[in-house]
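Here come two complexes built around subunit A, the first alongside subunit B, the second alongside subunit C.
Let's look at the complex of A and B:
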C-alpha cells in the first residue's frame, strides 16, 4: 500500500500533521474500496456456481422465485428428518422403510371461521420419481407394505392465516396418524406420502416440510417421509446414483460414469508422465537428426483444431488402430475406454513443458552419472526424473483436469451403451432425459458432483493451476 | 561435447565416439517412440487424411470393396469447398462463428483489462480472490453450461433478476442520484478549502456511498419511493428463433440462444484473461501512475494512456487465444442440443460434426473434411495476422 498521493499541494491553513492524516484517510478508503470491488467480482464469478450448488438440494430447482430460503437447509426439518428416519428404518442418516417401522406424522390445517374441520386423507402412493433412465426396471414400492392408522384430530387453536392474499381468522387444526410396516418384506429406501385435504382447508405446517402442493393446494405431497438427515438434504444427490440405471446390467449409471472418468484420468496421467518426460528428456538433452522437424510437428499438433483430426481418428479407432486391437481381442476401439486412452497417450503440450523443465536442470548433474558408466535410461530414470518432481506435479494436475473435463473426443467415441460414457457425456444424457421434463434437481446434483474432484484438486494444488495459466500462455 | 573432441585424436577414440553418437541417436528415438507414434498416427496421418478426404465424396462406406450404393467413391476436386458456400447451413454456421468470435473476444478482452486495472494493487488477500475468480475456468464446460441452462429457464435466475432489477429501478436511480450529488458537493467543498481532492476521491466516495444508502433507505421506508409492481419478466432465452437487434440486417444479427452462449462464454473466460493482464500490470512501475495523477490525469485517462499501452503484448496474446477458442466453439452447442433451434447456435465446429454424424442420414465425410480444413485455415489466418502485428510492434 505504498502508493502515496504525494501531491504536496498542502494549503497553508492546516498543519503538516493534519494534512498527513487527510492523505492517510484516502489510502485507507482506497484499500477498502479495492476489497469491496474484489468481493463484488468474487460474488459475480462464484455466484452462479454457489447458487446452483445451494439450489441443487431443492425439490424443484426451477420453482419460482429462486430463493435461498430452502426447506432442505432448515434445522427444524433436519431434526424432523432424523426422527422420521429413525422411526422408519432405525437409521437417522439415510432413513428408509423397514419391517417394524412406525412413522408418526402430524399435519396442521387452517380452517376458516364458520367451517367445520374435516379429516384429511393420507395415502402412500405407488409412485417413482423421474421419468428417466432405467424406469423400466422393477422396484419395490412402499405402497405395497404400508398401513396407515386412522387419522385423529389432536388439537385446535384459533389464529389468523393468509389464504390467497386475504387474511382470515379461523382455527389451526392438528391431525396425527402413523404409517406402519407390518409383517415381513424388503427394506425400501423411500416412503412417499400424499395427503388430500377437504375443500377450503388450507395446509399450514407439517412434521416435515412438504415437497410440493398439488391440485390447487388440496394435495400435500411428500417425496419421502422417512428420509433421515442426509436422505432429506441430499435427496437429489441420492437420486443421481439410484435412479439412473443401466437397462442391461442394472448398475448405477452415474457410478459407472464416475469410475470411467477416473480410469481414463489416471491412465492418461500415467502415460503422460512417463512418455512426456521421456520425450522431453530426449529433446532437451540428446542430439539427433530430425530434432527440428519434431519441434515443427509439436507446434503443428498444438494448432490443429480437433475437428480436423477427429474424422480420421474416429476411423482409426473404428478399425482398432490398424487392427492391432485384435491382438487383445477387440475388433473395434469405438465405445471402449481403451480407445480413448490409446488415442491420447501423450499430448504435445505436455512434452513441451517437460522439455522446458529439463533444459533448466544443469547438465553437470548428469555428467557424474555418465562417468560412472550409467546407461542413458539409468541417467534419465535415476538422476533426472527424481529432480523433475515439481514439473511432474504440475503435469499430473493439468493432465487429470484436462482428461476429466474433456468433452469433444469422448463425445465422438463413447456413444453406446450408456454404461461406457464418461461423466461429462453422461451429464449430457441426464440433460437430454431429465431436462425435457424440467427435472433439474437431478441434473444440478450430477453437475455439482462432477465438478467436485476438480474443485478439491484446485483448492489443494492451487499453485499448479495458476502455473497452468502461464503454460497456456506460451501456447499461442 | 568438448571433452570428447579433445581426446579424439587416436583412431580408436574416434571409433568410440562414433559408437557413442550412434547409441545416443538410438536412445533418443527410443525415448521419443511413444510420443512420435501418437503424434504420427493421431495428428499427422489424421490431418493428411482429412485433406485427402476433402477432395473426395467419401461417405464412410463407399471405400468398401463390397459397396453397392448409388454413390461410389470418386475424386471431386475442389467441389466440396465450392459447395460449402452454396450450403445455407454452412453460411449460417460461418456467420454465427464470426459474430460469436468477434463479440466474445472484444467484450472479454476489454472486460478483463478493466477488471485487471481495477484490481491492480498489491494488497493482502489477493491470492484468495485470485483463486475465487479462477473457479469458473477450472470446471468443465458441461458443468458450467448446465448451470447456465438452468439459469436461462423461463422461470429461472436470469429472468428473476431482471424482474427484480426492473422493479427496484426507481430506488437504484435515486441511489445513484444521491451518490453523484453527494460526491460533487463534497469535492467542491474540499476544493474550496484548498485541499487537493480529485473527482474520484476514495475517502469522499465512501461517505457519499453511505449517504446514498441511508437516503435511499429513508425514502423507501417513508413510502416516497417504492419498488414498482411489474409483471415478472418472461424472456425466452433458449427455445426461440428470435434474432436481435431486429433493426440490423440479417448477417449482423445474432440469435438469442447464441447470445446466451456468448454471456456464458464471456463469464468463464474473463477471469483467466484478467489474471494474465494482472500479471502484466504488476510490472508497470507505480511511478508512472503517480506522475500522471500529479499532472491531474483522471483514472480514466490513466487507463487509456498508461495501462493500455503498457500491456499491449499481452493484449495481442489474449485476443489471439480468445479468437482461436471462440472460432472453435463446440461444447456449448452440443450441450444446448435439442433445447435450442440448431440454426440459431450452429458453429463451424459443430457443422463439421453434424455432417460427419448426421443421425439417420449418410455421413458426408468429404464435405465435413472440407469444412474442417476451412475452419483450420481460418484459425491459421488469425494466428498469422497476430504474428505480423507483434513483429511490427517489435520494430
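Let's look at the complex of A and C:
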C-alpha cells in the first residue's frame, strides 16, 4: 500500500504540507476500510459459529429472544456447581448423587410489602427423560433415594424488586434446606429439584441458577442441583456421549462415530498423499506413451460429480469390488469402513495439484541428483518429495476436511448398524431423535464437537495451507 | 442303534442350523432401533429364536419415504418395512407390498386403522401403533382466569368462549396455539362433516362445511384468541404450550414426552376434541404399519415376525413403557389406561379418539403430503391478514386441482 501511495504524483497547485496531510488521511481511510471489511467478514463467518457454541451450553438453546446472559457462563454458578457437586458425590467436576450425600441449598424469594412470607416446598421429582434416546433407557431416579430436611427461614432483608414490569418494595426472604442420600444405593448422575411457592412470592435468586421458572412463576425447576462445574456447563456435551449407546455393545455411539470419522480421515490422507504424489510425479516428470491421455482421463474423472456414478460405485462395493474382498473374508464392502476407504483412495483433484506442484520444481535439482547417481525412486522420495511439503500440507488438510465432512457417500454406504456410521451421519441420527421435539442442545453440542478437529487442523496447518494453495493455484 | 440315534441327532442339528433364517426389517431411525432392540430382548426374541428366525433392524435415517423408495427400486429393501399412512397409497401402488388378507387376521385391530391400509379391498399393512389429536389444557391458566376446563361436551362455540376467557387474562396470554397446518386444522374440517376426497377422488375446498371450519379456525387467530407458534418464537404447538402462556394445545400423545423435558411441572389435563357443527368430533389418525416386501425370499418367516411385532405382548410392552399407543382393540382395558396419572389419561383419550366421530387417516391419496401445501398456504395467508377467506380458498382450490390431476395422470 505504501508503495502505491508514494508513486502517486503531487499536483503543482497544492503545497507539500497539504499533500502530506492528504496522503496520511488517505492511508488511514484505506486502513480503516480494510479493517472494517475484514471485521465484517469475521463477524459474518464466525458469528454463527460463536453463537452456536455459546448456545450449545444452554438449557434451551432456542429460547427466544436470544440472550448472552447465560447462567452456564456465570462464574457464580460455576463456583456453586463445584460446591454442590462435591456435596452430592464428592466430585466437583462432574457431580452426581451418591450415598452419604448432603447437599445444602438456599433460595431467596421476594415478598411484596403487606404479604406474609410462606415456606416454599421443595421436592425431588421423579423426572423421566421424555424424548430422545434417554427416554427408552431404564434409569435410576434420585427421587427414590433422596430425603429433604425441613425448610428453614434464615434471613429477611428489605429491598426493592421488579415484579411483572413493576418495581415494588418488600423483603427478600432466604430459605435453606438440605437434600440427603441416606442408606445405600446406586450413584445417580442427576438430582432434579422443584421448589413450589405461592405465586405472590417471586423467585429472586438461589444457590444455583434455576433451569426454568414454571407454572407462571410458582415453581423454580432445576434439572440438576449437584452438577459439578463441567456437569453444569457441559451438560449437553455429556449427553451426546452418555445417551446414545450402541444396542449391541453398549459403547457410546458418539465415540464410535468420532473414531470412525478419524479412521476414514487418516486412512484417506495417507493413501492420498502417497498415491497423489506418486501419480503427480509420474505425470510431471516421466515420459511414457499415453501420458497425456491418462492426464486427460484424470481431469475428466474430476469433472464427474459423485452423484452421477454413485449407483455403479454402490453396486461395485456391494459385490465386494468384483468379489476381490473375499480374499480377506468380506463378502460385501457395504456397511464397512474398508468400503468407504477403498472407494476414496485418491482423488483426481489431488493428483492434479501434485502434478502442477512438481512441474514448478526446477528440473535442474533432479538433474544434479541424477549426476550424483540417484535412482528414479531416490529422486522422487529423497529429493522432490521433501520439497513438496507445502503441497502435501495443503493436500492433508483438504483431504482430511473432505473426508471428515463427507456426508453423501458414507450415508449411502454405511447404513447399519448404528456403530459403523461416521460423525455427520450420526448427527443426522441425533437430529431425527432430538430435533422433532426441539431438544437442540444436544444436537448443537454434537455439531460443535464435530467442527473442532477441523478448526484445530486449520490452526496447525494454516502455514502450509496458505503456501500450498498459492502454489497449486498460481503455477498453472 | 446308537449310531442311528447319533446320526439322526446330527441330522436334526444340521437341519435346525440350515433352517435359521434372518429376517431384515426396515424402519425409522432415531429411537426406533433401540425400541425394537428392547422388544427383541425382552418380549419376542426367544419365541422367534425357537422358530429359527433372527431379526435384523435396519434404520433408514433422513427422509424415510425417499430411502424406502430407493431401497424398493434397487431391490435392497428388507423383508419387512414401515409403511407410514401418509405415503401408503403411493408405496402400495408400486406393487412391492404383499397383500396380507390370507396371512394375518386383522380382526383384533382397530377398524379405522385397518381401513387406512385397505386399498381396493385388500389389506397391505398392520398398524404397529397410532396417534390421534386431543385437547391438552393448562390448568393453571384456566384456574387463574376462572374459566371451566374444556371437556368432552364442548362444542365449537363453548370451546371458543372458554379460549376467549383465558385470552382475556393478560396481553401475552392466548387461549390456544393454532399452527397454519392442515395436519391440525383438518380435524376441525372433519368435525364440520367435510371429507378430503369425494367419490371421484377430487377435493372441494369451497364446500360450505370446509369454509365454515376454515373461518372458525382462522377467525380465532385474527381475533387474537389463538396464536401461531411462530409468533411466540416456537416451532410447533408443543413449544407454545410449554411457555405457560397458552391455554390449549391440540396435539397427539407425542407431546407428553416433550413436556416431560421442556416443562416438567406444567399442570395439564387432556380431553376430547370439541364437537363440530355436524354433531360429531373430527380427528386425524396418524399411524405407521408393518408391511411385507412382495419380493421377499422368506415369506413365512416375515409373516411370523410381523405377527410377533404386532402381537398383544409387544403392544402391551410398548404401551406400559409409555412408548406408543397400541393398535389392538383388546388393549382398551389395559390397566395402564386406568392408572389415573396425567399421562395415562392423555394416552387413553388419544386411544379412544380413534373411535369417536369423523376419524380420517392422515392420508392424501397418491398425491402424498404435497396435497396439504395449498391449504397450509391459504391458512397462513388468512391468519396473517394477507388475503380474505374466499380469495385464499379459490387460489388453493386451483392448486389442489392441479396437484390431483398430475398425480392421476
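Brief remarks on what is shown
Keep this in mind: the second predicted complex is superposed on the first by the 399 of 476 C-alpha atoms of A that agree within 3 Å, B and C clash if a C-alpha of one lies under 4 Å from a C-alpha of the other, contacts with A are read in each partner's own complex, and residues count from 1 in each chain.
To be clear about the criterion, a contact is a pair of C-beta atoms (placed from the backbone, for glycine too) under 8 Å apart; a residue touches a chain by one contact, two chains touch by 3 or more.
Given the structure is predicted, the values throughout are model-derived calculations rather than measurements.
Put subunit B and subunit C next to each other and count what each touches on subunit A; the higher total goes to B. Of the two partner chains placed around the shared chain by superposition, subunit B is the only one that A:34 touches, whereas subunit C remains out of contact. Touch criterion met: A:411 reaches subunit B and subunit C at once. Once chain A of one complex is fitted onto chain A of the other, the partner contacts of A:428 extend to both subunit B and subunit C.
In the superposition on chain A, A:60 makes contact with subunit C only, not with subunit B.
In the superposition on chain A, contact of A:401 is made with subunit B only, not with subunit C. After overlaying the two complexes on the shared chain, residue contacts for A:236 are found with neither subunit B nor subunit C.
Contacts of A:206 after superposition on the shared chain: neither subunit B nor subunit C is touched. Residue contacts after overlaying the shared chain place A:380 against subunit B, while subunit C stays out of touching range. Of the two partner chains placed by superposition, only subunit C is touched by A:439; subunit B is not. Overlap of the subunit B and subunit C interfaces on subunit A: residues 62, 64-65, 311, 411, 428, 432, 438. By the touch criterion given at the top, residues 60, 62, 64-65, 125, 127-133, 135-137, 192, 194, 196, 212, 214-216, 218-219, 221, 247, 311, 411, 415-418, 425, 428-429, 432-433, 436-439 of subunit A touch subunit C in their complex.
Residues 28-31, 33-35, 37-38, 56-62, 74, 140-141, 144, 232-236, 238-239, 244, 254, 256-267, 323 of subunit C are the ones touching subunit A in the complex. Interface residues of subunit A, counted against subunit B in their complex, comprise 1-7, 9, 11-13, 22, 25-26, 28-35, 37-39, 41-42, 45-46, 48-49, 51-52, 55, 61-66, 271, 274-276, 278-279, 281-283, 286-289, 294, 297-298, 300-301, 303-316, 321, 343-346, 348, 351, 376-377, 380, 401, 404-405, 407-408, 411-412, 423-424, 427-428, 431-432, 435, 438, 440, 443-444, 447-448, 450-451, 454-455, 458-459, 462, 465-466, 469-470, 472-473, 475-476.
Residues 23-25, 27-29, 31-32, 34-36, 38-39, 41-47, 49-50, 53, 60, 115, 118-119, 121-123, 125, 127, 129-136, 138-144, 146-151, 153, 155-157, 160, 193-196, 201-203, 205-206, 232, 267, 270-272, 275-276, 279, 286, 289-290, 293-294, 317, 320-321, 324, 328, 330-331, 334-335, 337-339, 348-349, 352-353, 356-357, 365, 368-369, 372-373, 375-376, 379-380, 383, 386 of subunit B are the ones touching subunit A in the complex.
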